[in-house]
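Okay, so chain A shows up in both of these, paired with chain B first and chain C after.
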Partner chain A sequence: MDLVIAKKDLLRLVARCQGVADKKSAMPALANVLLSAEGNVLRVAATDLYLAVTGQATAEVAKAGSVAVPAKDLLERVKMMPDGPVQIVAKDGAQTTLKAVGSPRRYTIHGMPGTDFPALPQPSPDAPSLELPIDVLSTLIARTHFSISTDETRAHVNSALFEWAGERVRMVTTDGHRLSKMEITVGGTNATATMLIPLKAVNELRRLADESRAEKEVPAVRITQSGPNAFFSIAGMQFSVKLVDAQFPPYQQVIPSVTDRSVRAPRSAFSDALKAVALAASDRTGGVKLAMTAGTLRITSESPESGNGFDEVPVDYAGPDLTIGFNAKYFLDVLAAIDDDEVILGISGELDPAVLRPGTESAEQSYVAVVMPMRI
Partner chain B sequence: MPAEGRRIHVLPDDLANQIAAGEVVERPASVVKELVENSFDAGARRVSIDIETGGVALVRVADDGHGMAREDAELAVLRHATSKIASIDDLQRIESFGFRGEALPSIASVSRFALRTRRHEDTEGTEIRVDGGGPFALAPAGCAAGTTMEVRDLFFNVPARRKFLRATSTESAHVTEVAMAAALAQPAVTVILSRDGRVAREWLRAPSREERARGAIPDEVLAPARGERGPLGVEAFLSRPERARTGATALWIFVNGRHVRDRALARAIAQAYGSVLEPGRYPVGVAYLDLPHDLVDVNVHPQKAEVRFADGRAVADALYKIVAADLARAFGLPTPGGPWQRGKMRPPPEDEAKGTPWTFQAPELPASGARPSWHSVATEREDATGGEAAPAARPPEGDLAMAAVGAALGQLAMREVDPASDRPPDTRPSILPPASVAASRAGAPGPPAARYPTADEIGAPVERRVPFGSLRYLAQVRSTFLICEGPDGVYVLDQHAAAERVTFHRLRRGWESRAIARQKLLFPVVVEVSAPEAALVEESREAFASAGLDVEVAGATSIAVHAVPHLLARATPERLVRDLLGELGRTGDRAYSGAIDRALATMACHGSVRAGDPVAPEEVAALLAALDEVDFAGHCPHGRPIVMRIGWLELDQKVGRR
Partner chain C sequence: MEREILHVDMDAFFASVEELDDPSLRGRPVLVGGASRRGVVAAASYAARRFGARSAMPMAEAIRRCPDAVVVAPRRERYAEVSAAVFAIFRRYTPLVEGLSFDEAFLDVTASRSLFGDGTSIARRIKAEIRGEIGLTASAGVAPCKFAAKIASDLEKPDGLVVVEGDVAAFLAPLALERMWGVGPKAAARLRAAGFATIGDLARADSRRLEQLMGESWAPHVQGLARGLDERPVDPDREAVSIGAEETYDRDVVTRRGLELCLLDHAGRVAQRLVHEGLAGDVVVVKLKYADFTLRTRRTTLPDPVADTDSIYGAARALLSRFDLAASRDAVRPVRLVGVTVAGLVAEPAEGTLSLFAEERSPERGRKLEEVVSKIADRFGGAGVTRAALLERGGNPRR
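Moving on to the complex of A and B:
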């Protein structure tokens, strides 16, 4: 393998791949990134066997071939290269030389033959695929990722449900105590898809989407479902993930369609008050009580060892008094994920789920978070 | 017919037997106990126990003992027929297990009972059958030498009692416990327990108590402790402190070969571990106490599960001293006389002779209500060093500082004693030889003549001295240990053990104030259980709720969990339900709070940060601060040490700076 590529392109590819490379794996190959040159492109790939990421950039390829080199070592060395073209040469024994064109700076790295690297999943050519604006994917994830269960033993909730029905895309997540659901209409599309994307992949997708949004590169992400895998193509990077094969809980049943009372509260004041009061909650459980009376929402915490906390927020509420306990963190996550000035808190009784919605709803977007109460 | 006006009449035999049975026979396990003890009394070398359906359908005990002649066999099923004692005098020195002549008639009155027996010298055996009391049927029978007793359909004629029997697994567990106790009591007898036709446990004849104990408890490394004080001889084989359990269920105590449940004795043994065992925790192991028969009354409990000593406190105290001395040596525990005097419970006689102030051997157990805590350490330290300020302000080296710490720990090394429960044994030495009277009097409070600690000793598990909250967190290593810097050395904490300890403490506090915060679940979690377990859930909804679990029976063999303790949100609801079911099922409802305690400990374990979990620095800070709240003895609820300190002195010495 012998090629020349711009440092900036190489750096971007290697940096994105090394996040997926698995340094701790028992399979040493997984700590590597795969470099393969063909035609006029260099492809860089990494995998931990659940996730795989591949990216490509144009290069002057003098001799095609492939080699796998330690991800971290490569990244560090590429960073040290002066800006401009970089030459990569791999000998048969996988000895790889990285050289700055027009400068004496060079490194040799001991790699392994590219053929030793695990084969990466490929979508079958006839697999259905859809395109989604990157902003939409980003919003779906931002509003729901925090309520994914972190319990790896429960795969069906250690993942996000991604659904596409007609023009509507939806992401739903739950950890068993709370749930969030974001829906967006994507005009002019018509597709049907359901997949459970594991938490680790959601985090990686989020990073990719945010990065490419920041660079304002490509406005869309292409999603392909093929066999047990899903493939996401964003800004020249292809990202594949083994989907979770399990049944997501019947979420529709637990989202109350109406609640007996509804409180309209200023989002940031509510959030600040919750944060302040939760600080004093017992055993750092975050357990707080919300007491609603006409026009006011009182937030209290009590703890045998750290004393009490209290604050109140003026709200739009006219119903009877009610007090109900919650884990403040569950509310705070939601309040941080939405950007409306106001939120609507719907509550029926002290043992019933609470519903949080943004103060304004549109036909294009709908968001709802459900939080189960805590008996304190 | 009673005459006119007469109200009091003698009960018919059957009724009298059934009433007696109410006391002697509580459940299949009590039948097993009585029958096996009879076999032991008959000089058996081998006893097989067979049970079906937890012993409710069948208990069969077969032995190769001396058997009975036909006339004796007839008598055996009569009330107060015994071959074992004949007079009041005999009752004063009972060496056999049986003495009342009550067991067989009682059992026979509440079951379908059959006995087959043949003496070695007889050619023909005898079979006797009794159905729920009633008249017995006798027939000659061909059988092996020895005796076989069969008890079928226990309580078939006493529905009220049958109702109180628990799940098969629970009854089975009780039988196993009785068999284990029997095996430990008689090392020279082979005991085989079969359940529903399959051998469940087998204890082969062993040459000594020690070998029997080790064979019966193969999972533990048992340290021997032996000694005599006055008339009391003790032979004990006990686990390391980190293997201790909540409750004394795995601590087997025998008095003159009789298994007893005696809280005072169990506590004396636990106290011998000093501060490394938290109150309420007991080691795993076996302790044999032997003393002259006339100093123990065995006739105080219908199931002979208790004995009364002529002087209970003296026995407990002597037991404590014997065990403490050997344990300190075996485990390198801080001895009650000060943490640095390892393996030196008693001064060498020369020292005494020379009048050296070797004052600090085995002091009295602390008075009720003594509550060691960090604060008391601080005060002690201040006193001992002339009121110096916060520990952090003092240079960590020097004899003086160490002596002061030693003094403080000397006060602390004893466990807290629950003021509400039985008082600890005191040192009134009625059984003790006069020498030890003097010794214990000399053990007045005061700083010990602490010798300079060796580096090795400083590395021992740390007593609580510096507030955890004041430690500076440095790093997590191997995703398991938290490394912190303190004023007196480097601290290494086991993150899981520490988190578990804190969770347990909070859960228990929550449980005591009936205020465990419960997080409701969006989707009720359905857990498959057995039918008796479902019944148990139904019965103990309260218990579940008090432990923070809202459960409902969802079907004959399934239950639905609607809320879990907030503190344990990391654990799966199913896990928690099983933890609690396991503990409740085992005890019935007797030692209810003990079961809850154990369940909370297990739940805390399943709901806490584990080894391998990454932790954020803020979490560590919170954990350290929380550890200070905990009534802390340096061990997790399962008894594993949580923290270890490497003193500066030791570090210096290791790298050759000193």
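Moving on to the complex of A and C:
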């Protein structure tokens, strides 16, 4: 393999791939990125056998070929290259030289033949494929990702449920104590899909979507479901993930359709007060008490170790007094994910699920978060 | 006021308990450990040590050195019982008891002297009571700091009593530097090669030279100790940092299913101990020793502390995928030792947020199950109830 490529293109590709490369795997090959040159492009890929990411950029290819080199080492060395063209030469399929064109600076890296790198999954040509505006994907993830369970041993909730029915796309996540659901109508589409996307892939998608939005690149993501994998094409990068093969919990059943009382609160004031009081809450439970009386929401925390905290927020509420305990973090995550001026908190009893919704609803977008209380 | 710290260490504890309970063993070389030829020595009696047998040595090696040794399988419950009696004696003299393990502890007796006399007489009384009431011997060190007390208790084992009076640095100076805390075999070899031999040499060394040899962060600490500077208090609240179970198997485990059953068995034992101690932990560690003796560990952190078999087993099983097991599709690289440890221990978790999904298998419910299992075992003895999956392995899975 022998090629010349602009440093900035190479850096962008390697930086995006090295996040997926698995430095701790029992399979040493997975700590590498695969470089393959063909025609007039350099393709860079990485996988941990669950996720795979591939990107390509134009290069002057003098000799086609492929090599796998340690991801972290390559990234560090590419960063050190002066701006401008960089030459990559792989000999005997493994020994790889990285050289700045017009500068004496160069590195040699010990790689392995590209053929030793695991084959990346490919969608079958007839697999159904959908297109989603990147803003929609970003919003779905931003409003739900925080309630994905971080428990890797429970794959069915260590993932986000992505559903597409007709014109409506939806993402739902839960960790068993709380749940978030975001739905958006995408006019002019008609599709059916259901997939469980693992947490690590959701984080990676979020990064790719945010980056491509920042660079104002292609405004759509193409999603292809094929066999056990889903493929996402965003801004010149192809990202594939092995979907979770499990049953997501029956989420519709736990979202209360109505609640006995409803409190309309200013979002940022509510969030500030919660943050302030949570500071004094017990580290272990993060528990705060919300006491609602006509016109006022009082927030208190009591902890044998860290003392007490108190604040109150003027709210729109006219029902009977009620006090209920929550993990403040669960509320703060939701309040940070939405941007409306007001939120509506729906509550029935002290042991019933609470519902948080944005102050304004539209036909195009619907968001709901459900949070279970703590016993107090 | 100068502190007075005792370090009391039972002599060949497990082996001595076995001799206590079976008088026919007394004076004979006794090895406590996995009763198979592949186990490891947990304790060796002094008679066995004369032949070169040591704890942590492979059992086969110990038997080779001491062919007449009697090998006894460990009885942890019994040791825990005797240990509790020993610690009860310690607490007669001070509430400031910091247990380091079943058989050794630091005691701060500074404030007890007006009641019981000086540290030396308290050490004598403790040794006499352990001998009189339990029938075992202990060695004790008395010093103004923990480090010196610990070294002192080891100097005249068994049944020793060494008192460090006055100048700690002078007491330490002639001792071999291998006795230092924080100086492992590799560091010791490096220091020897650089011309150091005693703790006194370390105390006098140029601090920059020591930093070159031992690292910038560690050297000042070690030199401080060598100079007798050790202000660490005796901490009675120090708790076990982890709870684990492991076993070296008579025959290598060669299937994934076999490994999973070992993990399930250990997860159950760890869960029982956690529930028994009122603890839970959020770090699960799996340890495998392959037939070629390479040791590998993998760990994961759970979102919340757990103390039930299912949660621990679930995490341990998931960790298996991060080991290089592959020999073939079903067969795995032969494994001789499997261990499961739970760390990040906290007192029983406070009741947290309620569950959204009532039918979900939850750690809270798992914990209640463990409590029931524990009660059944207490009441009926033996294994009590066990998991059906473990029955297929035959024998008693909860030895």
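What to note about this one:
The working rule: the second predicted complex is superposed on the first by the 373 of 376 C-alpha atoms of A that agree within 3 Å, B and C clash if a C-alpha of one lies under 4 Å from a C-alpha of the other, contacts with A are read in each partner's own complex, and residues count from 1 in each chain.
Criterion: contacts are C-beta pairs under 8 Å (C-beta built on N, C-alpha and C of every residue); 3 or more make two chains touch, one makes a residue touch a chain.
Since the structure is predicted, the reported quantities are computational estimates derived from the model, not experimental observations.
Of the two partner chains, chain C is the only one touched by A:Ser149; chain B is not.
When the two complexes are overlaid on their common chain A, residue A:Arg357 makes contact with neither chain B nor chain C. Contacts of A:Arg12 after superposition: neither chain B nor chain C is touched.
Common to the chain B and chain C contact sets on chain A are residues 151, 153-154, 174, 176-179, 249-250, 254, 282, 284-285, 327, 351, 353, 370, 372-375.
Interface residues of chain C, counted against chain A in their complex, comprise 300, 302-303, 311, 314-315, 317-318, 322-326, 346, 349-357, 360, 362. The touching residues of chain A, counted against chain B in their complex, run 151, 153-154, 174, 176-179, 249-250, 254, 282-285, 287, 304-305, 325, 327, 351, 353, 370, 372-376.
The touching residues of chain A, when paired with chain C in their complex, are 24-27, 149-154, 174-179, 249-250, 254, 282, 284-285, 326-327, 330, 351, 353, 370-375.
Residue ranges of chain B in contact with chain A, taken from their complex: 506, 509, 513, 515, 517-523, 525, 563, 566-567, 569-570, 572, 622, 626, 629.
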